[in-house]
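Scroll down for the structure; my scribbles are underneath it.
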Amino acid sequence: MTLLSVIAHLAAAFVLPPLLLGVIQRTKARVAGRRGAPLLQPCYDLVKLFRKDRVLSRTTTWVFLAGPAVAVATATLAALLVPFGEPAAPLAFQGDLVLYAYLFGLGRFFTIAAALDTGSSFEGMGGAREATFSALAEPALFLALLVLVSLREDLSLSGLVGSGTGTLWATAAAPMALACVGLFIVLLAENSRIPFDDPTTHLELTMIHEVMVLDHGGPLLGAALLGAAQKLFVQGALLVRIIVPLPDGPPLSSWAAFLASMLALGVGIGVVESTMARLRLRQIPMLLIAASLLSAFGIVLVVR
Amino acid sequence: MSPLLFAVAVPLAFALTALAIPSERVRPWLLPVAAVIQIPLLALLVSSHGSPAAPGDDWVGLDPLGTLLLAYLTVFFLCCACYAPAYLRLRAERPNRIFCTMLLVFFAMMNLFGLSQHVGLMWVAIEATTLSTGPLLYFNHNPRSIEATWKYLLIGSVGIALALLGSFFLGYSALHAGLETSLVLSDITAHAVDLSRPWLRAAVVLLLVGYGTKMGLAPMHTWKPDAYGEAPGLVGAILAGGVTSCAFIGVLRFYSIAVAAGDAGFARELMLAFGLLSMAVGGVFMVRQRDYKRMLAYSSVEHMGILMLGASVGGAGLFGSLLHMLNNGFTKGVLFLSAANIHRHFGSRSIEHVQGALRVLPASATLFLLGFFAVTGAPPFGPFLSEFTILRAAVGDGRIAVAGAFLALLLLVFIGMGATVLAVVQGEPAPEREPAPARERFSQVAPIIALLALVLLLGVWIPERLESALWSAARFIEGTR
Amino acid sequence: MSAALAVAGITLAALSGFPGLAVRRDHPAGDRAAALLLGLAAICAAAASALVVSGTPDAPLALPWLVLGERVTVGVDGLSAFFLLPALGFPFLASVYSLAYYSAADRPRSARRLRLALGFLTAGLGTVVIARHGFAFLAGWEVMALAAFFSITAEDEREEVRRAGFVYLACTRASTLALIGAFAWLHAATGRLTLDAVPEIESAASTAIFALAGIGFALKAGAVPLHLWLPGAHANAPSHVSAVLSGVLIKVGIYGIVRFASLLPPLPVAGGAGILALGAASAVLGVAYALGQHELKRLLAYHSIENIGIILMGVGVGLVGRSLGYREIEILGLGGALLHVWNHALFKGLLFLAAGSVIHATGTGEIDALGGQARRLPRTALFFCVGAVAICGLPPLNGFVSELLVCLGLLHASVSLHGSERLIAVIAIPTLALVGGLAAACFAKVFGSVFLGEARTPAAASGHEAPRAMLWPMAALALACIAIGVAPQLVLHSLGAALHSFDPELAASGPALAEVAPFGLVSAAAAALLAGAAAVAALVARRPARRGPTWDCGYAAPSPRMQYTASSFASGLVDLFRWALWTELHATGIAGTFPGPARLSTHLPDPVLDRMILPAARWLARASIWLRWLQRGHLHSYVLYILITVIVALLVARGEFR
Amino acid sequence: MSEVLNLLLVIFLLLNFWMLGTSRLRAVIHCAGAQGMLLGAAYLAMHGASGLRAIALGLAIASIKGVLIPRILIGALRSQPIRREVEPFVSFTVSLLLGALATGLAVLFARTLPLIEADAGALLVPTSLATVLTGFIVLTTRRKALTQVVGYLTLENGIFIFGLTLIEAMPFLVEAGILLDVLVAVFVMGVVVEHIVREFSSLGGDELTELRE
């Protein structure tokens, strides 16, 4: 792992997430028959937000600031654990998948806390939902990863997906597929995408993530959005690396393959969001439990 | 006349003196004096009598059991006697002539019991203790105390009458076997193998029930809560620590005859049954007991059960039982005397009226509480060591069910007793009952502290001489001397 | 040397309450003397631990006389040292905290008694962990248990305190009796009572001993379903006592399990798997019940059950590894469990102390009555936040490190083992994840409802920052949480020593802890995380700020009552688990066109205590009162009992004869 | 001599029945007293020839059990003017039936135990056991405190009969001690009964159930 590749990885972790959002939005617009905003629109938004002054509620404390800050920091660190275009991530050790999962937990904790810091009933509601659903998403994530762990007998993310998953697909396609479906559901849930939540609404009572950052404005909102985008990107990257067995070859080709896959993922999410409706709130836990069960079934297939 | 009888005569002389002394203030001090004099007296007797393991063929003598009992009684009585002057000063409204006299007679009779080697004499002594405690129980002169005295006397006498019948049966078993009839223990033991079995068995059963009544084994325990509840705390202590121990020694002496006859199986089964039943009855009746002195009585029933259980296990269990006899006695002293202080102060024995003793009487209530922990077998107090020894012996003997029942019953007892004890010591005193702030006198507390110190000491350090005395007593009973 | 130091520390601790007896009841000198003596005790413990960890060989100390022919010894090995440090160090912090929280001047009636009890509690704890003989162990155990009882019931004028105290007392006695049984069996099977490795023992006896001891220790540790005493006792004790209870007392149960496991030859795999399952159940149920609680300290108490569960999962998987000869699993599982013992002591102690300072400031621990304390108690809020993040097992704090080790142990087990053991490990991992998620939800709820937003009641609005004596112990604990989180290498030696004395074969043939535990990279990640968050925060906070009301979608007149309450926050998850938790719902429904005011309240009774044990106890008490009929005061029937006894006994004797 | 003894014992048994059948307290006490007399007589009949000591003891038994103790009890009875009936829990018929049953059981029980030849023909052991059981019947079925003292006394009498077989084994002092103990016991009980009468204005019974549980 050279310094260059670390820098490239880090840069990708900051630059590509807004682009992924742009791709999703563009896809949705296209499916809906609109032309849509430019791909770089999320980037522009972020830049604009970071330039603004802050408006803070008199109720809030330092926690309000900590929310977005931690979200960005944790998502970035998580990004360092997932290999993007190379066989290994910059940071990899036995058990780093635990760190990976818990990092998002930390980000979530502070996002919820920041929401509650405003004393607003809306934001409290959003926080409660986030806490509820993520608590259920956590085991689903672990179960999906366990399928891979059981197949690979390795405990780091880089080890699980770094050298390509082609052999796994060849030998154990069924459990892999189950795990991928589970992971995809977790991805949608964790990132408050349809069918769990509609990220484009702001005033509906069904919202989860967006409602938590209602009172954040300016750079704080920018950081919160950036963190969310990074989270989507990192989790998407992991899914992509599982699904797509990257070719062994020069870094450039694998990076290209990775980017192409991410593009496809963005399009896929966009299509899902355009064609599906949001679930009723009460059904969300069922879907998450279903995700857990899918992965668990996958494990049973492996372990037997 | 054996010089040993000095141990009886001296307290009796003190009793006569007590009867003669006119001063109500001076008389109680005879008790500690008599108790102190007993110490050198006993030491002298034991040493001059030579090896305690060789009982004389006379009808008084010192066998290992007797030596153990006398030594224990001396210490125990000393602590209780030291409490007496303070207590009687609190009860200055009542004349104490009969009380002091009878207490000394009682002491003499317990000594006599320890010394007696003749079945009939043992009976005389134990019945005399019953009779001499009657007036002590009646100290308060109220309807409840007379009821208690009445029941105590009658049940005790009936029980002990059965023991007399048992003693006669024992003699008859020798007669039937064509042996020279003798009711001297060593003679009986020596010829035990030849005794007529059916008579021996009937005798042992009757003696077990008879002396068991004095011990307060369930279901012959019915006098206990009444007597302990109504008796002055001092008398309760002496009954629970003294009489029951004497009766236990009596039971063991007869058990040893059965062992010597090689026919102890049924006795063991009976003792085990009595033991478990007593523990269960003690535990069940302690649950939601509102009267803390009656609760102590049931605790005594329970501990008599433990003694029986240990003895029935035998070997190390018997050793543990004998050790437990000492521990139980001293701990009961702590409990009864501290309960007496609480009772004196609050003027009630019901937990509806007595609450928050820790706030009003910090020393006595603390002692009461520690006594409770000690008596329920909390390490590092003495009863823990003895109960543990019994349990260990039971497990080692492969009697897992007995050990399990033992532990379960201990838990039941702890919960039942704890609820009542905690109700007494914890919380706030009821406002209308907020008693006058009386300072606890040193003389009222010091004897209890001494007893508790003994209990604690026996939990962490058992002197070698005591240990060997206990072992020789245990071996004496099981005939493996 | 280290044994002598430990004994000195224990003696100092036992004496710590006594100087206060010499001064007036409301004089502060007693408090200070107690803190000083406990401080010295902590120094002794630290020195003793350091000596052991540095590898200085140590001879055990013995009582100069024999007790019933037994040589009663104490000694400090790695495992003892690992537990000795918190056992003696933690009460010191509590006593400093109590200088302000429970000062003699404020509570002249009970402060003295509590000081004495805390001193003995400390001494008992110390004795238990250094005991090398059953008698010393049991003596220390009981002193500890009883002193803890007195500490819990310091405010015994309150009915619920007395009740909680009694439940505790009954449970602790049950646990002591189970241990007595275990030791008795140990003696019967091996002929000795020393706590040294038993070379050979029948496997049935070994299982029985471990099961009995396990019941005793699990009762003390508060593992489901034997946790019944724990919530009440923690909720009703003074906060610094709760901290000691949760921080060290319940850990002694873990110490016992580990000690007995090391004592006996490796158990059958089912033993470890059973502990693992028990731990998983404790963890899930503990956190689920915590979610439904409305009182701060009771909620924290249920989290203690959860964390004990996590520790037990580690112990369980470690023992499975030991039984099957997988050294790596053994090291990771047990190492994680042991480290979590320390960590839980740190963060749960911190949380209880912080909760105490909220209660101290506002007079209430009802979560839904609080709110907005972060602006009134900013330092306490910061400390509580540290504790909350740590207890959720989130990086970069210490909770993460130990949970990572436990999880790694489980992951290794799920990879290396076969058959049912593998399946159990595989199930345990998502369970751990679920627990983590629920814990995070719960602490987001607590932290948010208590410290953030607006004060919901006037009492909450009157809060004030805690005095310095209360802040320093919290600061120390918070620093320790961060230190272990960022630099877990700090505990490597202590942990290694503990593991080696747990299983000497590990020292000989197993891999080093440092090889299997990725402490270096964890440390780097934690540091990066802290730095990154700080950098982002600095970047974001660069811009100037204006203050205004909470926007709240433009609703400009929010009242504090409109805030989302803790109960509402948790209701989603509690509803989800309703089939398992049996929530009690009290609601006045909404009906009609113009409905009147409606109320909804939930109550979550403890499943074991409130739904099983207490009804059973009531039934038993009724039955036993019915038996009183036997003792009605009729002398005639009493005499009849004697007659019947004679007859039955004669029949028995006769039957024997045939 | 054995015939004389048997005659005395038959009277003893009859007294048992009388005691169970009569409703007068005074008669019950006199029954017990008469049994004491008979005991002394039986003692003399069996061992009177063996020396002065035995004669003295026999006379002591007769005088204490036959005269002194009834005196004490009658004295206690006098202190209370009203209601001098026995007041049993069960009817006199049932009492008598129980007595018969007890006697039968005693005979049966004595048969199952091996006896030495000298006693085999004698009624000594069955009478003793029957009297003991009669004592128990009186103790458990009679309401008043005073009757219970008599019951105890009867029990003792039964035991003493058995003791007749064992004179050789008893040192004189022990024998005297036993006798003295019984005397004191009855004396103390008498005193207590007097106190009961004073406190409760009755001979006790239902009033004495204050202490329970």
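Think of it as A, B, C and D in the order they're written, each chain with its own count starting at 1.
FYI, a residue touches a chain if its C-beta (ideal position, glycine included) is under 8 Å from a C-beta of that chain, and two chains touch if they have at least 3 such contacts.
Keep in mind that what you see is a predicted model, and the values were worked out from it rather than measured.
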Both-way neighbours, i.e. chains that touch chain D and touch chain C: B
Required steps from chain B to chain D (each step between touching chains, minimum): 1
Pair exhibiting more inter-chain C-beta contacts, B-C or A-C: A-C
Furthest chain, CA centroid comparison against chain C: D
Centroid distance [mean C-alpha coordinates] between chain C and chain B, Å: 43
Cα-centroid distance, chain A relative to chain C, in whole angstrom: 36
Averaged-CA centre spacing for the pair chain B and chain A, given as whole angstrom: 77
Chain A-chain D separation of Cα centroids, rounded to whole Å: 99
Junction residues of chain A - those touching two or more other chains: none
Residue numbers of chain C (touch at least two other chains): 628, 631, 635, 639
Where chain D touches two or more other chains at once, by residue number: 139, 148, 208, 210-211, 213
In contact (per the touch rule at the top): chain pairs: A-C, B-C, B-D, C-D
Chain D residues within the chain C interface of the complex: 89, 136, 139-143, 148, 208-213
Residue ranges of chain B in contact with chain D within the complex: 59, 118, 120-121, 123-124, 127-128, 130-131, 134-135, 138, 142-144, 146-151, 153-154, 157-158, 161, 164-165, 168-169, 171-172, 174-176, 178, 181-183, 196, 198-199, 202, 225-226, 229-230, 285, 289, 294
Chain C-facing residues of chain B, complex: 150-151, 154-155, 158-159, 162, 197-198, 201-202, 204-206, 208-209, 213, 219-220, 222-223, 225, 265-266, 269-270, 273, 284-285, 287-288, 356, 358-359, 373, 376-380, 384-385, 387-389, 391-392, 394-396, 403-404, 407, 410-411, 414-415, 418-419, 422, 426-428, 459-462, 467
Residues of chain C defined as touching chain A within the complex: 371-372, 374-375, 378, 381, 385, 388-389, 392-395, 400, 403-404, 407-408, 411-412, 414-415, 422-423, 426, 429-434, 436-438, 440-441, 443-445, 447-449, 451-454, 516, 518, 521-522, 524-525, 528-529, 532-537, 539-553, 558, 560, 562-564, 568-573, 576
Contact footprint of chain C on chain A as seen in their complex: 52-61, 63, 65-66, 68-70, 72-74, 76-77, 80, 91, 93-96, 98-99, 101-103, 105-106, 108-109, 112-113, 115-125, 127-129, 131-132, 134-143, 146, 149-150, 153, 155, 203, 214-215, 218-220, 222-223, 285, 292, 296, 299, 303
